[in-house]
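There are structures below to look over.
In the two complexes that follow, chain A is the common piece, with chain B as its partner first and chain C second.
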Partner chain A sequence: MALSAALWRGIAGIALFFALWEAASLVKLPFLRFVPPPHVVLENVVQTIQTPAYWSAVYISAKRVAIGYVIGVALGVPIGLAFGVSRVFRDTFFPVFETLRPIPPLAWVPLSILFWPSIELTVVSIIFLGSFFTVVINVLGGVETLDARYLRAAVSMGATPWQVFRKVIVPATSPSIFTGAAIAMGLTWEIVVAAEMVSSIGSGQTGLGAMMWQAYVGGVIPLIITAMISIGLAGLVFSALIWQIGAYATRWRRVV
Partner chain B sequence: MTPASRPFLRSIRSPRPYLLLLGFAIVLAAWHLVTAVLDVPMFRKITPPAVVLKEWFNPEPFFGVSVFTSLYYSHIAYSVYRAYTAFALAVLFGVPLGILIGWNRTFRELTFPLVETLRPIPPLSWVPLAILMLPGTEPPVIFVTFIAAFFATVLNTVLGVRSIDPSYFRAAECLGFARRDILVHVVIPGAMPHVFIGLQIAMGLSWVALVAGEMIAGKRGLGYMIYDAYSMVQIPTIFMGMLTLGLLGFFSSALVRYLGRRLMAWRSF
Partner chain C sequence: MSGGLSVRNVGKVYDPEGINVVALQELSFDIAPGEFCVVVGPSGCGKTTLLNIIAGFDTLTSGEIAMDGNVLTAPGRRLSPGADRMVVFQNGALFPWKTVVWNVTCGPVLQGRLSRNEAEAQARQLLARTGLAGIEGQYPGELSSGMRRRVELVRALMNDPKVLLLDEPFRALDALTRSVVHEHLLELYDLARRTVFFITHDLEEAIFLADRVVVMTTRPGRVKKVIAVDLPRPRDHRVLTTARYGQLEEEALEAIHEEARKAFETGERELA
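The block that comes next holds the complex of A and B.
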């Protein structure tokens, strides 16, 4: 029963928010002058999801996120592990990495536009940067928190360096790998919107970010909110997917 | 004296400082090689590192911005002002809200689902709506930055309060603590480590959002400087802006870490 009370309160909280929003539009609060009430937004959501243009925008953004993210993880995991296991590699390149890491991904956009021949590659590379740095830092953190006794135990029982890496370091780090991957996924949807807004205005294929910007320029405000909701949902679905994969891949961790 | 007792000698004898320099040297050499020596088509538009440095420290900069011009510092001042205002607002609203959500069950059940519904909407996608809702050029940029920092702060504060051992609450109640005393002596110090993890994340995220906000909506600020330099094809200035942002982001995070250490002197890091 306690759970259902919590559920009802949760619904009540969300309902209250929408009621306040509706009421605020009704009494025409000045800062909501341009913001449509929830029922108009809902109407727009229903209309928009029936158009093929919407689904093509979702597909284009999702494709960019997927490509940039997969490359980011594919490069980030080995480099993170290399930072963790090789002292020389780490002492040499980690300071450079730490110098570049605080540069916000979006600050790379202008340079990427100049560097890459197409908008498509620009957006993908920005997504790559965002996920790469996050994954590397989390993987390295995972290797660092590894209990040294496991390493000593493996070595004293005659494990080769490769066996130590394969049987001790990688499994012990895998939870951090998936945590990093999930955090990175959350970040990528954020980045794709902004990258599309900044770079593909007017050119390239229309993703959700560009769709939102066009809605803003064209003054179709309900569509802006529809795009915001879509981006939020898409991020949620993609992150849930990564968490699921992570939970499956590290299922030995599940507490019985 | 053994070498180990002299930290300076020890650090000079270890390979670390040399490897650090080697790492930077390799990256700079590669950058120089692809832009200035080899004629790689992809890098044709990118300036070599020496040109960037020369422009950065040029008393009479070619593109109008260097460490000797007041414009550079005005961009920095605008960005810092926006990032820190948004961050301060996020702390001001986020930490109390997180403590309330974490500590009071009814309040948590009422508000947390709503927070979790709004949280997945990326801060940067608030930009168009923020421009429409808020007047002027400063408030939208600060709002977007605030949103980014706010959710990270709230979420980690809630986590912090929830991670406090319940026996501390019971002990405090047994000893006759009033709710106020529990807040001051149990909840706040207990949540502090997580709060500061949250603040570090929030600081990083606010710089990410700030740059996007400035690029799209801003007048002045480093994000605007980069975008402006891009539209005028002033590539050294783009690099200057990026590296300055990196430095500012790095020092901001270090500042939060330092404050955390000072406030939680009872914990050994």
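The block that comes next holds the complex of A and C.
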């Protein structure tokens, strides 16, 4: 009951958004001169999604996001935990980490293009960087805010350091791990589009970012918006997936 | 019977940035094996410090603490935490990401003392005894605070400790829940008399539970008064209305009130 009410409100909100957009086009607001009305965009969407080129662009971008993201999380979680639990590791590597972290992922693009032999690896590596730093810093935050009572209780009950790590530190940090993973997922779609725009121009490599840029260069404005909507939806689907996995893995938090 | 604790001339000086803070000074008392000893004292008198030293979370700077005649800790002799001295924490420390049964069985299983099946059978029995049958598969977040405290007591006992260290474990409970949990605690205590070292602010709780109440002075913490509680066991809430209970409470109140006032005045001075 409550869910369906929320669903209806959501649908109403989207409908309202399109209605305002259409109305704004009808009255010809000057600053919306170049923005086609929604029914034109919708036509373009319908056309575009029937072309294999579109799905190939979606697939290429999604694959890049998935690979860069998975590597980012897979390395980010253990390194974040290591920063949290090991004084030596932290003293040694945290300064390097903190110096590299503020560099925006896109600032890595020129160097990555030179460094990696292919565009594919360039884009994936930039997505990796974006998610990696976000995950590490969140996981570290999770370990740092861990309540000492749990550690003391575990040690009192005879847990070995490895048992404490596995049975206490990792599960206690898991909410932060998933928060970091979800934030990182949001970033990856921002990054993939920008990285593709910058790095795949003229290379024939297509992803949604390149598709959008080609639409801009070719002056096909509805296609730009189709690409934007696609990116929004793809990001939504991927984030929802991460939230779902996180909610399931930390379901002990939901019970009250 | 084992688990006798002996606190001998224990002192603890904190030395942050050269300012000596004497938390405990020349503190001495004994707890007999199987005795239920409750320590009361004003805030900041070092009760928790003493408990942490016994538990192995903190060190002492003078004196020694012995268990059954063997020195546990002395200056320069670090004591590691262990299941023989289980702590039940003020705010509770059940692992919220594990089910009740995992929480209560983790001690013996991690130590390799019992198989999972043996531990679970024992846990089921103890849980049932505290009125908690059937909650094994639930997460701590699904339980009421009173139930969580009982689960925590069961978890502590599952570790088969020689001494049970309780640091104001029922502070956050409302009065009604607390009285129920008190009776459960006494029931568990009567089941297998283990030495209990219990810290509280609450005199009623202290006298209701204890064999002996140790009143501590304001900082630096020393023993102000020891009150033997001769109320017969097994006890239930009706003991609180007896004349003997009234006398004991009056005696304790007088001792603690004096110290509370001193603590308050010291606090005022330190703030001024």
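Some points to look at:
Keep in mind that, in the parts below, the second predicted complex is superposed on the first by the 234 of 256 C-alpha atoms of A that agree within 3 Å, B and C clash if a C-alpha of one lies under 4 Å from a C-alpha of the other, contacts with A are read in each partner's own complex, and residues count from 1 in each chain.
In the analysis below, contacts are C-beta pairs under 8 Å (C-beta built on N, C-alpha and C of every residue); 3 or more make two chains touch, one makes a residue touch a chain.
Model, not experiment: these values are computed from the prediction.
When both complexes are overlaid on chain A, the residue A:152 reaches chain C alone and has no touch with chain B. Between chain B and chain C, the partner in contact with more residues of chain A is B.
In the overlay built on the shared chain, the residue A:51 is in contact with neither chain B nor chain C. When both complexes are overlaid on chain A, the residue A:236 reaches chain B alone and has no touch with chain C.
In the superposition on chain A, A:244 makes contact with neither chain B nor chain C.
Of the two partner chains placed around the shared chain by superposition, chain B is the only one that A:213 touches, whereas chain C remains out of contact. Contacts of A:253 after superposition on the shared chain: chain C is touched, whereas chain B is not. In the superposition on chain A, A:168 makes contact with chain C only, not with chain B. Residue ranges of chain A in contact with chain C, taken from their complex: 147, 149-150, 152-160, 163, 167-168, 171-172, 174, 250, 252-253, 255-256. Of all residues in chain C, only 55-57, 80-83, 85-87, 89, 91-93, 95-98, 106-107, 110-111, 138-139, 141-142, 159 touch chain A in the complex they form. Residues of chain B touching chain A in their complex: 15-16, 19-20, 22-24, 26-27, 42-43, 45-46, 106, 109-114, 117, 120-129, 131-134, 204, 207-208, 210-212, 215-216, 222-223, 226-227, 229-230, 233, 235, 238-239, 241-243, 245-250, 253. Residues 5-6, 9-14, 16-17, 31-32, 34-35, 88, 91-96, 98-111, 113-115, 189-191, 193-194, 197-198, 209, 212-213, 215-216, 221, 224-225, 227-229, 231-233, 235-236 of chain A are the ones that touch chain B when the two sit in their complex.
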